[in-house]
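Presented sequentially are two complexes of chain A, the first with chain B as partner and the second with chain C.
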Partner chain A sequence: MEAAETNAAKVKMKKQSPWTIARRKLFSNKLAMISLAFLITVTVMAYAAPLLTGYDPSRVDIMSRGLPPGEGHILGTDSSGRDIWTLLLYGARTSLTIGFVCMFAIVIIATFVGSVSGYFGGWVDAVLMRFTDFIMNFPFLVFVIVLASIFRGAGIWALIIVLSALSWTGAARVVRSKVMSEKENEYVMAATSIGGTPFKVIRKHILPNVMTTIIVQATLLLAVMIVAETALSFLGFGVPQGTPSWGNMMTEARDPNVIRTQWWVWIPPGLAITFTILAINFIGEGFKDAFNPRSIR
Partner chain B sequence: MNQQEPLLEVDGLHTGFTIDGDMHYAVNNVSFSVKPKEVVCIVGESGCGKSVMSLSIMDLLPKHNGKIDKGAIRFQGRDLTMLSDKEMNHIRGRDISMIFQEPMTALNPVLTIGFQMDEVLMNHTDLKADEIRRRSVSLLDQVGISRSDQIVNEYPHQLSGGMRQRVMIAMAIACQPKLLIADEPTTALDVTVQAQILELIQKIQDEVGMAMLLITHDLGVVAEMADRVVVMYAGQVVEDTDVDTLFHDPKHPYTKALLRSIPRMDEKQEELDTIKGIVPSLKNMPQQGCRFVDRCPEAMDKCREIDPQLGEEAQNHAVRCLLYDASFPNEQKQRGVGS
Partner chain C sequence: MLIYTLRRILIMIPILFMVSIVVFSLALAMPGDALSGQIDPTNADPEYIEERREELGLNDPIHVQYGSWAANILQWDFGRSFQHQMDVTQLIGTRLPNTILLSVMSLIITYILAFYMGKYAGRNPYTKGDYAVQGVNYLMLAIPSFVAALFAIFIFAFQLGWFPSTGSVGSGLEQGTMAYWGSKIYHTFLPALVLGMLTTASYTQFLRNDMVESAQKDYVRTARAKGTDENTIYNKHILRNSIIPIVTLFGFDIASIIGGAVIIETIFSYRGIGELLVASISNRDSAVVMAIFLMLSVATLIGNLLADLLYGIIDPRIRVG
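The block that comes next holds the complex of A and B.
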């Protein structure tokens, strides 16, 4: 019994999966680790917003409009008298929720479409890829504007659905090309030769080998989705006006007066967006590096 | 033994690839059979269609351009070419399994040995996970891997080539198949390991009592392992006989040339014998006459015009060559041989 236990311990120590190697590389990447810490902090603060501020993000206070940072309002107030710090926290919640949910939705769609298309080839591939081309060439902005006006009351979920439905195409193509090169490997034939069905072979053998690409894609998608939310909201077609989001906060900066005299209204959300996107991209680079067997780190 | 029903019967198999819209046959009218517990070797140079033939049996041809065009592959009386994918999946790995040439690439690099081994039994049995793992470990023991309880948790890159090939063999025999197809199982290995692996395959073939289709270009392996030998050239069977006859009384000029090309220890020779030229590629296959004619030392004029047929030269010995075809009297024979 004891011998078996020491054996098990040895096995654990010797375990050298590609994942462990990648994790070690990622952990030793300082920039990626700092970025990860930053992103986690932002996320925690966003979801713990009620604990960090006493104000209600949607409460308009006409008596304290456009106050500079100071006592009571750490970062001042905007032109409707809403507390900027509070808006920033709740806005992070909206922006990150949109980013993460879109990311997961896109990864699922792109992985499915890409792997089926790449593995089966032939007419399945042709049909799925023409559909992908169709979505890819869809006039994105027009579609979003139309849907945003139709589902005015639906809140952020309308935006999440529209963004996910239109943004999976690039990732699907990347997954497809990876699957196509991966399925030429002999182990795929070997897996089929022991009686594996196509979907089993895709799920158990091809996807683990493509996973690294998918993770890198997902990280970069997260950044793209947050930027998309911000841009659309800035234009007024994203998150409904009443809901705090980083993009909606930036809308205030459309007034030249605000840009000139009230820096505290638009600088905080601007910095928040910039640093979050930067952090996510650093994490993405870190993943890319960690999964690349030829990188030295 | 001769009266036994064949386990596998390949009958008039044509397997082709679509290249630039045209069908080119890599396997052209191949017929042979494998009896239960028999070891049949398929011999030939690279590009003779040996591998394509074995992939045809397993239905593993590249989907986009490879296709079985004509012919039947009967396994225990069922025509495999007629089966659906689902039925085929049921047979692959359970009744027929395959060992690949390159153990480096035939194992998935990101999955543990145990995970990949368990898969065979998971595909074909209803056993519980821990029972499957126990069996996988004992299979590894059976193929002579020590520390098998640790190896199951390791990754392919941690094993040597010989060990990986042992793992492949263990996977192939997991369900006690009736037929094992080994496509050049030792080509990618060191010479010392080759002998061990062959010995292992032979031992296991004996223990499990399975038939084997061994594909090789190494006549040393043939002498060691085979009961019957099928010599292939350019997609066709050119000679089909038992192993003793092949080595002592080869008929087809190609077989003779192959045998001459083996380096021998008991003869002093400055240069090794080779067969001049190369196997014609799929697109340059001669449309008429014998396919070996350009490289054949005994070629005759009529060899360019008449397609030789695979004929019984003697009991259990078939040859595809006009030299032995009784319907073409051979007054020209002398002239051909003299050159």
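The block that comes next holds the complex of A and C.
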């Protein structure tokens, strides 16, 4: 009787797809769930910014310059009289949008290069990987700064293109190695033998199995891209000066006097960036753990 | 090993050539005259620019320009800085020692912190101390360098007043004296700490995980069975094996330090290469920008080569591939 019951339980267990198991593991990971809730809240607040503040992020108000937090301005104002809380919300919109757009662009490039390189092997692989290595050999930040200074004034899209064009290499390598090991499996041979074209085999059979790796990579990339955008904007090579972004907000702190006396100008965006990155990293760890069949949680 | 090393170095030559082409193309796209730095970027008179361009050979066909530029570089001539009115090599020469000092100090800080934190966490896994170390790691991985730098300046320089907030050396000190070097190290400490902290997390995590894994291995069980005391097991058997793979991270560190130094030096107004790069871009001093870009690219390349070579020394299987 008991044996039958455990057998029934086993059958029930078997019915769960890997995705169901992963989802269950992810949902039971408290840290990842809190982080996800935090990230969603920040994103919603960023896009609902006009509902949460009465100020205009670009309006310069000479009468209320450099005010400390207090009545009217919850987090005070910066040196041109803009409300910090408002800038923080609209800045989140810019920084997160750039992060997400770059992430998607990079995932598409990396998946394409990685799967083509890994699946076909041979000279295709050699050429693509030498090219990848070549881009990797440049100091990322310095290259971005030089490119950004050439395209200065071209706006947010130029920044997104520059960031994406230089950061897909690591993810492409990971996808490639994963595809290489995946294509040795019999189901790939079966799919090819019934006449599946390479791109169909990659798209329908291999990519679903590589998806978990791609998701983990994408999460990490989102964090890296947000940091890159804010750091570049902070140095003055990122988002155009007038556009509110977390990095642009902190530009004022390049003046030591601002660091010392006007902490409310740079601490809020600084903390916002740090906690967002922290949350994204925890979500990434959660994904990694949930997709790992060997982890027991 | 010798053949492996030679092969790796030979591969560098075509890569260097391609790097130089990329740098050259970017130089042509830069505003102003990035190749020789002898045209005043503030003078917008078209006649003046055209005259100078003709004089400097900037109207020659591109391959001719590349040839003369590459020939100059090979003779260690990177053009002139218009802003500073001196040769770029000379200008970089005044800044490079500062950046090297910063990098070396940050590496030392990284190694010391990572060694003790990783060793402690690896020896006491899944304890409160381990979780504390991991928490610090997560924070260090999450906080962007410029945010960390601002907090460091705010807390250590302004609130506590322990360190200076800007500069790379005190004023009015004679070069070469003990006081001069002391002041230099004193000024470098805070930026080096911030720079070092950022790479510490990955080292610590690596060391900890490797130690936890090694503790399960057969040779450790053998050592325990023979009655070796725990301290010896950890310090002699496990630690020695776990530290070796870390060596390979060193090469990649060069790349991450270069990126970090640009940001950190700018915030601390530390007179190094990174600060010079950012300032030169703002001043449209393109010749300096290109020289630094080329130099840092080559440094990254050498860093990656070093990582490969170190890997080859540690893991002989790599050499065959």
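In the analysis below, the second predicted complex is superposed on the first by the 268 of 297 C-alpha atoms of A that agree within 3 Å, B and C clash if a C-alpha of one lies under 4 Å from a C-alpha of the other, contacts with A are read in each partner's own complex, and residues count from 1 in each chain.
Everything below uses one rule, namely that contacts are C-beta pairs under 8 Å (C-beta built on N, C-alpha and C of every residue); 3 or more make two chains touch, one makes a residue touch a chain.
These figures come from a predicted structure and were not determined experimentally.
With both structures placed on the common chain, the touch criterion links A:M250 to chain C but leaves chain B unconnected.
Contacts of A:M189 after superposition on the shared chain: chain B is touched, whereas chain C is not. In the superposition on chain A, A:H205 makes contact with chain B only, not with chain C.
Once the two complexes are overlaid on the shared chain, A:F140 sits against chain C while remaining clear of chain B. Of the two partners chain B and chain C, more chain A residues are in touch with C.
Within the superposed three-chain model, A:N281 lies in touch with chain C and out of touch with chain B [touch as defined at top].
By the touch criterion stated above, A:P18 is placed in contact with chain B alone, chain C being left untouched. By the touch criterion stated above, A:L51 is placed in contact with neither chain B nor chain C.
If you check the complex, the residues on chain C that touch chain A are 15, 18-19, 22, 26, 29-31, 138-139, 141-147, 150-151, 153-154, 158, 165-166, 255, 258-259, 262-263, 266-267, 277-278, 281-282, 289, 292-293, 296-297, 299-301, 304. Interface residues of chain A facing chain C in the complex, by the touch rule stated above, are 134, 136-143, 145-147, 149-150, 223, 227, 230-231, 234-237, 250, 253-254, 256, 259-260, 263, 266, 270, 273-275, 277-278, 281-282.
The touching residues of chain A, when paired with chain B in their complex, are 7, 10-11, 14-19, 120-122, 185-187, 189-198, 200, 204-205, 208-209.
Interface of chain B with chain A (complex): residues 58, 60, 63-64, 85-86, 89-94, 97-98, 100, 102, 105-112, 116, 119-120, 123-124, 149-150, 153-155, 158, 168, 171-172, 174.
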